[in-house]
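Okay, so chain A shows up in both of these, paired with chain B first and chain C after.
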Partner chain A sequence: MIRVGIPQALLYYQYFPMWKAFFGTLGAEVVVSAPTNKTILNLGVSRAVADTCLPVKIFLGHVISLIQKCDCIFVPAVTSLGKKTYNCSKIIGLPNMTRALIPECPIIFDPEINLEKGRYYLYQNIYKLGRNFTSNPFKIKEAVEDAWKSNLAYQNKMSDKGITPLEAIDRACQGKQQSTFDSNPAPLLTVAVIGHPYVIYDDYLNHRMISRLQAMGAKILLPEMVPRSALDAAARRLVGEPHWSFEIDIIGAGEYYLENKVDGLINLSVFGCGPDSMMVSFVEHRAKELKIPFLHLSLDEHTSEGGLVTRLEAFLDMIKRRQRIWV
Partner chain B sequence: MKTYLGIDVGSVTTKLALLDESNEILASTYLQTQGNPVDMIKQGLEEVKKQIPLEAEICGVATTGSGRALAGVMVSADLVKNEITAHAVAAMHCVPEVQTVFEIGGQDSKIIIIRDGVVIDFGMNSVCAAGTGSFLEHQAERLNIKIEDFGEYALRSKNPARIAGRCTVFAESDMIHKQQMGYPIDDIIYGLSQALVRNYLNNVALGKEIRPKLVFQGGVAFNKGIIKAINETFHTEVYVPPHNELMGAIGAAMLVREEMKNDGHRTKFKGFGVSQIEFQVSSFICKACPNLCEISQISANGKVLARWGGRCDMWERVEK
Partner chain C sequence: MGVGIPHFGNVYIPVKAMAQRLGATDTDLIIPPSMTQKTLDLGVKYSPTEACLPYKLTLGSLIETCELGADILIQARGTGICRLGYYAKGQEQMLLDLGYNARFLTIDVSHHKFKSILQLIKDMTNNAPWPKIIAAFFFGISKLVALDKIERVVQKVRPVEWEKGMASRIYREAIKAIDEAAECKTVKRVSKEYIDKLNKVPKNDKAELIKVGIVGEIYVVIEPFANMDIEVELGKLGVEVERTMTLSRWVEYSLFLNYLGINEWRKVHKLARPYVDHDVGGDGWESVGEKVLYSRKGYDGVIHLAPFTCMPEIVAQNIMPSTREDIPVLAVICDEQLGKQGMLTRLEAFVDLLSFRRRRRNGARV
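What follows is the complex of A and B.
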């Protein structure tokens, strides 16, 4: 059985159930790297070029941690997810960067996902990928259908039940049912957090920010809890035709939650993120217009969580004192 | 008489203020933290104890500043509050019509935007500590002048030198270069003050609407050169409250008074005897997972009071 390694980083949070179903149906074993930890971060930082962002460095660390544990590694090049929208160059060039920086890496399967080039190009690339595992075209078709079904189920689970990707993955792939998220019995206020899934859900990278906010008495809303169609519509209302694929989810969620009058909005971003720096300012302006408190947090390789906690506490205090909620 | 104690443990200085019910300062102290917050908190308590009137009864204690968690555990505080909220509350008390607060301390600088008596926005310096008190102090030391005299030099300047303010390392090499070219020291120092304010404007205050009245507080507000530079940059009068260096501690004391009133509880404060307790601070590496977190702990009389520093909350739970 071929073992396919999938790094638990970057696009993992968006697409893992889909990938797992695809490779599973093709008869391969899926090996996932451990959640980010210090060793993984150090491995990644030791290889990465200095001006990539922290999530990319972490991704490289995950790839290195998978060497010896799998026969191939899956690193798709997700170039475009719609007409005239593209991804960040670091995402597009990810397979090539990985190959160049980690020469000892096992073979990398890197289908280009580029919807700008139309459906046929996509089918071709996925078929090519499937041929590595089987020569039966019907088997590949079945794998694609399973993958798509899993993906829809995953997306719906998050938006219908209001759970995080990590929980949805746990439920879909490990059969866990118990929800640990949102155990706050009587939240004092509601805060939406927007940002790339690989920043919001990597607890090592963001110093457990979501659970810290919950412990401070806030109910947390996340981009994945908004239905796809509402995200697209909100992003379009805010900026017209967005250029960046993944930013649609971020600014769409920002606009959606602002319109639904959350008590506060937090943007969690990493130092040096180009697309965020351009697109999130639209959300920031909108928050100012609607007079909803907005906090921008920029994360990097800091190991002390002190500064982050101070800002979060002050932000929640500001909201509470505004609304005269005394605790 | 009911009184409330605020303790502000900053990176560079430790401040304590004791307020009565009408927010009058009854006792206060301002000490250099000198990298040893535990001893400084104890010393601060000693000094406040000497100043307090006989009839004063401590009804609440709050801690703030970057060392607030440590101080909170040591004295068993009723409230542990972040410094942004504490500074805002104190500024609104001293200058009720305030709309903008600048606070520049030892390691960080903040801006707080207030409208109609409510904080609506705030900002803090992001990745580095460029342009804060520690940097000014370091430069003063290098030029062999006292930090207290820094402002006087700046005010004498006629043609301030242009110093790069983005990064302290660049600023320092710029200053050395100007000094070697024969610029008078007054002009270099005022140039540095301007650079600091420019950096503050581009970094901390970016995109914030600065409206009068503008209150400037924190230790750096002692520096007349910086006040002048703010005045020139923002074209508005700068109010420096009478106890600019104590504002965090004052705000904390005010907040705990509010809290104890709403709460109706008795204070958990251990009393001034805290200054006699031997606290042990130690650290170890947790080997439970590959993260190898550095955990620091504080204990007294062989009993662990609190632990910090983990990526998870495994060590933070301490049996009382």
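What follows is the complex of A and C.
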């Protein structure tokens, strides 16, 4: 049985159920790296050039931690998810960077997902990937169908039930049912948090920010809880035709929540994130227009937990004072 | 009505030539003042903190043209992978907030480049006849080509001239003369004149030249203000510089030859293929390929220029050290924090390293 390693970083949070179903149906064992911890972070930071953004460094750390545990590693190059939209260069060049920076790495499977080149190119690449596991084309087709089904189920679960990807992954893959997310009895205020899934849901990277906010008495809204169509429409209203696939979720969610009058908006981004640096300024501008408090937090490997907590507390206090919840 | 463009290398010269040919007066086209610390300060002040240097510089430059009275601004647009696609959008919003009532016209630099440029000219000249537009366009391009031709000679003369600074002085004169030329014929004559002049500059022929290739992101590679005149400084250190990325080359291929299926980067992409096998946006793929290319050509070193947080160049920077070709690469990250003295020290150290390597390869004991 081939063991396929999947690093628990970057696109893991968006597509893991899909990948798991695909490799599972093809009869491979999926090995997921442990949640980010200090060792993983340090391993990654030691390899990459200093300017590289933190999620990519963490990704490299996850790959290194998987080296002894699997026979091959799955690192897709997700170039484009629609006509005239692309992803960040670092995600496109991820397999190449991984190969260059971690020469001791096992075989990397790097199908290029590029919908700009049409569906046929996509099918071809997935078929090529499947051929590594089986010679039966029908089996590959079955795996693709399974994968797509679980992906749809996963996306729906997040937008309908309003749960976070991590919980959805738990439910989809391990069958856990209890939710910790809505356990907060009577939240005083609603705060929307926007940002890349790999920043919001990596608890080590963001110092458990979501649970901290909940503990401070806020109801949290996340980009994954907005239906797809509303996201697209909101993003289009804000910037016209968007060019970056993953930014649609962020600015779309930002615009959507601002229009629905949340009490505050927090953008969680990482230092050096190119797409965020441009797009979030539009959301910030919009928040200023609508007079909704906006907090931009930029994280890197040096962010101290204490400083972050102080800023969050101050932000929530400011919102409370604005609403005269306590004077 | 005044049309303003951001400052980018010598691009204002062909634009000015085109405008004059199409009968524009001085108030119709506003030439951006050359970049100074003030431009940078303005750009930095009004840009998102983590935006890249080209964004900040072009914003600063556009604010300056707005102050001179421009109300139509030209900026690049694209559906590219890098931030360039959103330059116009972000800058338009910022200028509106600052109270300039400027309208943006954009040139699509990822698809239909030729058509979008000509259409832009046509819209601005109130439907001038096509032959006139095309004639003006080619006149502008002839100036661009002449300038880049002279620059190539300057790059060769700079390191070997006896009197330091002579080539740069002649180059400045040449830019002025070409800017003033009113006919295609004059442009040709002037360009030949200055190339002759440069070739006659007294040279030190015995010097053993160190050759360095410059690669990286197009704006910081071409705009001397963004890279702190790195070519002049290398010339003073006695280093011959080559860069493949020039504006005339971009025009030649992107506007004409690419449509015929000729890709100027085919060879470079092929060389980069073992390390990067598809486009990563911006000039990242080309940077990796050019490193290999300069190594094959027997150059001594490569200088990699990138704006701070430039995504494609970070990919390139991560991949470059692991290529099989053994050639030293100096990465110079350009942003508003780049200090000239610090950069000079690094350049000197790099050039020393290159000459040590050269001597060791020639069998000398170091």
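Going forward, the second predicted complex is superposed on the first by the 325 of 327 C-alpha atoms of A that agree within 3 Å, B and C clash if a C-alpha of one lies under 4 Å from a C-alpha of the other, contacts with A are read in each partner's own complex, and residues count from 1 in each chain.
One rule holds in what follows: contacts are C-beta pairs under 8 Å (C-beta built on N, C-alpha and C of every residue); 3 or more make two chains touch, one makes a residue touch a chain.
Treat the numbers as computed from the prediction; the structure is a model and nothing was measured.
In the superposition on chain A, A:119 contacts neither chain B nor chain C.
Using the contact criterion defined above for the overlaid structures, shared-chain residue A:261 touches neither chain B nor chain C, since it reaches no partner.
Look at A:271: by the touch rule set out above, it reaches both chain B and chain C.
With both structures placed on the common chain, the touch criterion links A:322 to chain B but leaves chain C unconnected.
In the superposition on chain A, A:240 makes contact with chain C only, while chain B stays out of contact range.
After overlaying the two complexes on the shared chain, residue contacts for A:100 are found with chain C alone; chain B is out of touch. Once the two complexes are overlaid on the shared chain, A:87 sits against chain C while remaining clear of chain B. With both complexes placed on chain A, chain A has more residues touched by C than by the other of chain B and chain C. When both complexes are overlaid on chain A, the residue A:300 reaches chain B alone and has no touch with chain C. In the superposition on chain A, the residues of chain A touched by chain B in one structure and by chain C in the other are 271, 298.
Chain contact summary for the complex, chain A toward chain B: residues 34, 37-40, 203-204, 207-208, 271, 284, 291, 293-294, 298, 300, 306-307, 309-311, 313-315, 317-318, 321-322, 326.
Remark: chain B residues 66, 81-85, 108, 118-122, 124, 126-127, 207, 258, 262, 289-293, 311-313 touch chain A in the complex. Chain C meets chain A in the complex at residues 48-52, 55, 79-83, 85-86, 89-90, 93, 97, 275-282, 284, 308-312, 314-315, 317-319, 321-322, 331, 333. Those residues of chain A lying in contact with chain C across their complex are 48-49, 51-53, 77, 79, 84-90, 92-93, 96-97, 99-101, 103, 112, 114, 239-240, 243, 271-282, 285, 298.
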